[in-house]
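Common to both upcoming complexes is chain A, partnered first by chain B, then by chain C.
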Partner chain A sequence: MRDKKKKSLKGQAKTVALSLDAEQIKGRDPVLLFTASQIDEVLADAEVHPLPFAANHLVGLCAWREQVLPIIDLVAFFDLIPSQKDKNERYVVVRTVDSTLLDTNKDNKEKQNTNKVVLRCVLKVSNQIISGDIPTECTAVFPKQAGFAPVFLKGLFQGEKKLFLLPDLATIIHSDVQGSTT
Partner chain B sequence: MKKVCLVKGGNFVLGIESSYILSRQNGMLAPETAAQEGNIFHLGALLARKHCKRPEPGSVFLQVEKEKNNFFLLVDQVIDEIELPGQTTRLPPPSPELAHILFPQVAVCMNLIVLLLDPGQIIPVARQLGQGIGVLAREHCVQVRAPQRHKYVPAVDTTAQQSIKSSSKNVLKQPAETQPADKKVVRPAGRWKTIKKNKKRPKSVNEETFKRIMAWTISQFKQGKVSAGELLADQLPPGLVQQEGLSDTVIQYLIDQISLRCQESITPSHPEEHHEG
Partner chain C sequence: MAQKAKDKKMLNIKKLFHSRQTIRGKLLFWLLIISLVPMAVIGFVSYNYSSSSLQHQSFEQLETTLAFQYQALQRYFDDQAKKLENIASNMEVFQEEAYTKLSAIRALQKKQIQDYFKIRFEDVKIFGQNPQQQQAFSQLLQNADTEPNSEFVEFLDEWLMNRDFASLTMLNQDGEVVYSTDKNVPRGATVHEGTSEWEAMQKGMLETRFIDYRPSSFHELKNVAYFSTPLFSADQPPSLLLFRLQDHALDSIMKEVPGLGETGETYLVGMDGMFRSNSRHFDEPTIANPSFLVDTESIVYALAGEDGETSVVNYRGDSVLSAYTAVSIYGVTWVLMVEINQAEAVIPKLEDGKTDLLSQLAQTYTFSDLYLVAPDGYIFASAKRHKDYLTNILTGPYADSMFNKAVQEVLETQKMAISDYAFYEPAGGQAEAFMAIPVMNDDAMSMIVALQISIDPINDIMKIRQDFEKESGQAEMEGHVEMIHVDTYLVGSDKLWRSEAFNPEKYQAKSTLLNPKVKADTKAVQQALAGKSDTQVIVNSLGEKALTSWSPVRYKGLQWALISEVAQKEVDRPVMQLLRIVGLLAFLAAIAVIFISLRVAGGVTKQVDEIMQGIAMVEKGEYGQQVKITSKDELGQMAGSFNQMTTTIHDLIESRQQEHDELQDSIIRLLEEITELADGDLSIRATVTEDVIGTLADSLNLMLEELGTAFVRIKQSAEQVGSTANILSASTGELAGQNNNQANMINEAVQEINQLTKAIREAADQANQSASFSRESSQVAGEGAKAVRETSQAMEAIRGNVQNTARSIKRLGESSQEISDFARTINEISDRTSILALNASIQAAAAGEEGRGFAVVAEEIQRLAERAAVSTRQIETLIKNILGEITEAGISMDSSIQEVVQGTQLSQNALSRLDEITERSNEVFELIQGVASASQQQADTTAILATSMGEIGSISLETAEEAMGASVSMQEMAVMGDDMLQAVATFKLESDKKDPDNDVLEADPFDA
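Right, the complex of A and B next:
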């Protein structure tokens, strides 16, 4: 019985939960959920370089290891209500595979493998960053019910006190529109 | 390596390749510059999509030229001139289209991001934004010419003296009695007749008095005393004017007229002066 439990835990990926500085949604705190391998670095301090003509959710640019990365505020992107609590911001470098680019090469399998584009961005989050296992006691929620445009989420789950968002970063990065349904 | 001038406009810091910058000027633009209506831009306002009224104190005008585009760019501050490594990249997504147009290249230097402005895109982007966003009116940027107040020693040539002599009869016969001092300095020819008509005639000045006052005024003018407040009748040396019954007002008028002729003789005529009056 114990061995069986160990085996099931081995199969689970480690996750990192990043709390958003936003008011509760349906009585739960919104939390971003990523696999641990997606997190490149948590920046204690980021030099934010404002970018002219940028949308609200594009906070600015940031230099990271000689790369220029966009800093994205998902609270603004999803049009959530910013939290009134004291803000302790953190900036997290997150990476994803550019699935939007891969979709265009569906017919050519070889090209798919060689053309994998890794996209990085910096997310502005709160200082509550928790590393752990995938939460088990969750139920799936349809994004529209919580006010999210489905295209920008890979999944939405609600636990007892938290609402877990699995954002589709590549789609968000390439989007010209905001991620709320309103 | 590229030499880049780091400038600040509003909340934004960006780089302009130094080779594109023809000149820079603190404060207002000189009237001689090629600044025209529609080719003066306020960087901070343009990038923030706002209208701007006047240059803020301490801001700097850069004359920028790239290919056919020659314009003036007002920046809040010139921060530094740096050398950038040759390698640059493009702005990452989701940068907006206008930013891609204005800043086709971006570089990282000592962990700082430098957005490289394409000067050739300022005018097209301002046009695209429309409604005069980011455009400064020439009248608010070009300093008003006031050569009469310059503190330099003018070289009064004989032409000036001839001019004074030839008009001395008019000066003697038609002085104005009361006139604000500050309005006597700059006087377009057209207004002159109007003033003469409206003023009553004071007592005439004899030729000897006129010559003495003229000599004294020219000598003062050569010392750089050119403004209305610096050439006053009560500064005349005692005993210089021996003609009796002359009021200070008449003498002052004479001094002003001589001073005016001196200024006219050394100041080339500028057609653009008239709109400033």
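Right, the complex of A and C next:
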């Protein structure tokens, strides 16, 4: 039996752009950028269960496929200014991989064991969701310049009309502080 | 002749019975009735009275017997229960004493064990601290190949032996054997993890410790215990000395314990359930032997820190009384158990050493058997030791017996229980019942005392019926003693007998006790089992009527029926004999009555026959015949009277004949004289004789005289009538002429009145014309109102139509709203479709090359969804516009409706005005109508008046005509009076004979 040739997928990765319901940053609309494999589902309707005494960016919890996931509003997390337009919000289930250490003794390098854990959360975004190719015509921006804490972003790129944010969801989920530098 | 007479007599006798019309027959019948009926009544009353008295007496005695037997049964069961309670309380006392003894032994042994281990501990500790031992062992440590000297070895052996240690082993800090007195433990052997040596190394390197039994590193498949102590030296690392405890170290304490009898023992158990001492009942060592495990509840309680006494089933499966406690030995906890067999504890042997208390009690109280049962159902003691001894009554071979039921009930209720009788195989298949009672120890049941009851006492109680028979059942008749057999018996809830019948053969069985062939399912049994008592005549199980008394017998769980019965026919026997005697007497009396009545009747009927013959002769007309007198009683007197009567009748007939002839002659003579009278000669007179005819003649003569006088008067009156008629005729002629004048004057008056009537009619016609004009104006006003009304109705119709139109427009609006809702739904669907397409495209993107085709499909779906969204948005816009226009139309409709309402209001006002006009016109019309009608009436009245006057005129004319007629009649009357005179003149009267020339005088017209 001949082996099937695996075609290279380099340069053909699909992305999903999720617009945020926020005012423009540096004259551009803020958009979250994820790979298609990171998006599990766009929810048609989500039953939000609020959490008392939770942080502002934690909207609540919702049930998804026998799991309980936190709902995170990145507009509140990054302390952006919410948009004044009519709000048509969507909830998107996003996953990420988190690496955790078994051995808490970090000095003992020989005996460190790492384990990768899949984390999921629900992001509250606008109804502008576009699936397409990687936007190649954009330039990198240092997060602090745009008012973002670098630790929470894997990357920040500005295009002609949009500002693409690549959030580090694992860090955001584990964090108990806000993600802006202000 | 004789034969004929005989036949005749027979015929008469037959007639006597066939026909009741003869006196003889009647006499016979009524005499029989009079004599036999009272006898029958007396016999019947006597039978009933004596039967009921006998029955009543029998009932009383049955009830008395029943009550006596019931009391006897109650007493018997109460007696048994009391005995059982006494035995149980004795058992409880013995049990308490046993527990006290066990507790004392437990405390003593615990102290002994703790002291022993304390001593061993100190020994080991001191040994380890001894400098000489330290030095000796240090040398061993320095040089692994060195052997200790023989003196030291000897010393060690003796030291170990005196202290119940099996060996001494030295370990270095690495767990290797440096030295051991046990040849089976080689040098250099290492300790394995999880063994007792290993634990000793973990715990004992700093201080002396006691290590509980565990598997050994050096002895395969063996558990060992150590005392360990560390060995310190200045220049050497610390090492460990292990002193292994002998298996029999505690035997002297545990095995030899006085006061525990043959079955008692004490033993130690570790937390793992294995023995920590050797059992006195097994030659094989039980210490740390996994073949002997103890897992009773008391182990758990003791390890939890409780001391207690209880009854349990021990490791050997025996029911024992047990006292337990925990013993702590330098951090190790063991459980000390002190036990003795329950049977040995509560059943002491008597002085002879052979018999025990249980057997003696059973013998004394004549129990079939007496048991002690453990709470798990095990029969651990029995007086008679039948097949059920040492079996489990709850789960064993006799688990289906009544014994099981009694024990189960005691376990459930913790109170005394009694089971019913049933055949019990260990008792030789005899019918036995069981009574059981629990023995408690601190609210927990420690055992059950049960006794087995035979059926014999019950049968003895039932034999009380024989006394009844002796008292009241005997009836002597002609030298025989008649016994009335009474059956008293017990029946259980299963309808089977619980006693033996007096005569089982009557029930076609050898024995009635628990015999399913002899089921007693009668009314008495049913009622008694239902809890009722009564005494009645019912049908018993043999199908015969019996006087029966019944009552329930209830004792704890027992539910029986106590029946006492005697057959009805046996009770009624003396009454039946009496009935037979009375019947015989009645028969003899009947025969005597028949004989006597025949004799008496014969004498009576002979005289009657003679009289009957005489009457027959008289019927024929032979009055001379005399009747023969055959008796001197009333009938003979009647015959004599009959003869006199016939003689008198004969004489009377002859005298009457003579009188008849004389009378006939007188009648002929009278007839001749009446013939002459018929010719008109009223002067004739009949001959008066002395007989009846003479009276008749006399009356005739009187009549003739009166008749002559009347004719004279008639003659005179006729003459008067003629003269009066002539005078009246002249008067009536004058009256007729005057009446004609009156009639002419009335006619003239009538003509005047007619003219008046005509004038009044003309006035009435004019009034009618006015009324018609008024009516026309009223009609016109009505037509106007009608037109206005129609106008108003038309406007109402218009308003209705407008309202309907408004409603239609509203519905249209609602439909538009529904369309809008549908559009919204479509919008949502398109929205969801869009999300679905998005998800699909995302998944397709994640799938890579394989998902390309799917991504195309997803894109297409998304485009379709967008188009649908756009279309629904356009639809929504259109619907909004339509709704706006509908709203405007609705508003204009409303204003139209308002104007229509106003127009309707105005037409309503006009209508009301026209109605008023119509009303007024009608009133005018009515007034004029009234005037016209009054005029009409006046005209009619005058017309009537004229008519009346005309009639008066015609009446006057008629009167005149009638007067003329009367005059004519009077003339005719005068003519008739003349005719009458001529008619009377034909009769010849007696006065004529006296004065023949007398003329008729003229009557005075004023004579009445």
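The working rule: the second predicted complex is superposed on the first by the 155 of 182 C-alpha atoms of A that agree within 3 Å, B and C clash if a C-alpha of one lies under 4 Å from a C-alpha of the other, contacts with A are read in each partner's own complex, and residues count from 1 in each chain.
Just so we're on the same page, contacts are C-beta pairs under 8 Å (C-beta built on N, C-alpha and C of every residue); 3 or more make two chains touch, one makes a residue touch a chain.
All values derive from a computational prediction rather than experimental measurement.
In the superposition on chain A, no contact is made by A:Val97 with either chain B or chain C. Using the contact criterion defined above for the overlaid structures, shared-chain residue A:Leu69 touches chain B, although it does not reach chain C.
When both complexes are overlaid on chain A, the residue A:Lys14 reaches chain C alone and has no touch with chain B. Looking at the shared chain after the overlay, A:Leu58 reaches chain B, while chain C stays out of its contact range.
In the superposition on chain A, contact is made by A:Ser175 with chain B only, not with chain C. By the touch criterion defined above, A:Glu47 lies against chain B but remains apart from chain C after alignment on the C-alpha atoms of chain A. In the superposition on chain A, the chain among chain B and chain C reaching more residues of chain A is B. Of all the residues in chain A, the ones that touch chain B in their complex are 47, 49-55, 58, 61-63, 66-70, 72, 119, 121, 172-176. For chain B in complex with chain A, the residues that touch the partner chain are 11-13, 47-49, 89, 91-99, 102, 106, 108, 111-113, 115. Here chain A touches chain C in the complex through residues 7, 9, 12, 14-16, 35-37, 39, 41-44, 90, 129, 131, going by the rule given at the top.
Per the touch definition, chain C reaches chain A in the complex via residues 831-832, 835-836, 838-839, 841-843, 845-846, 848-849.
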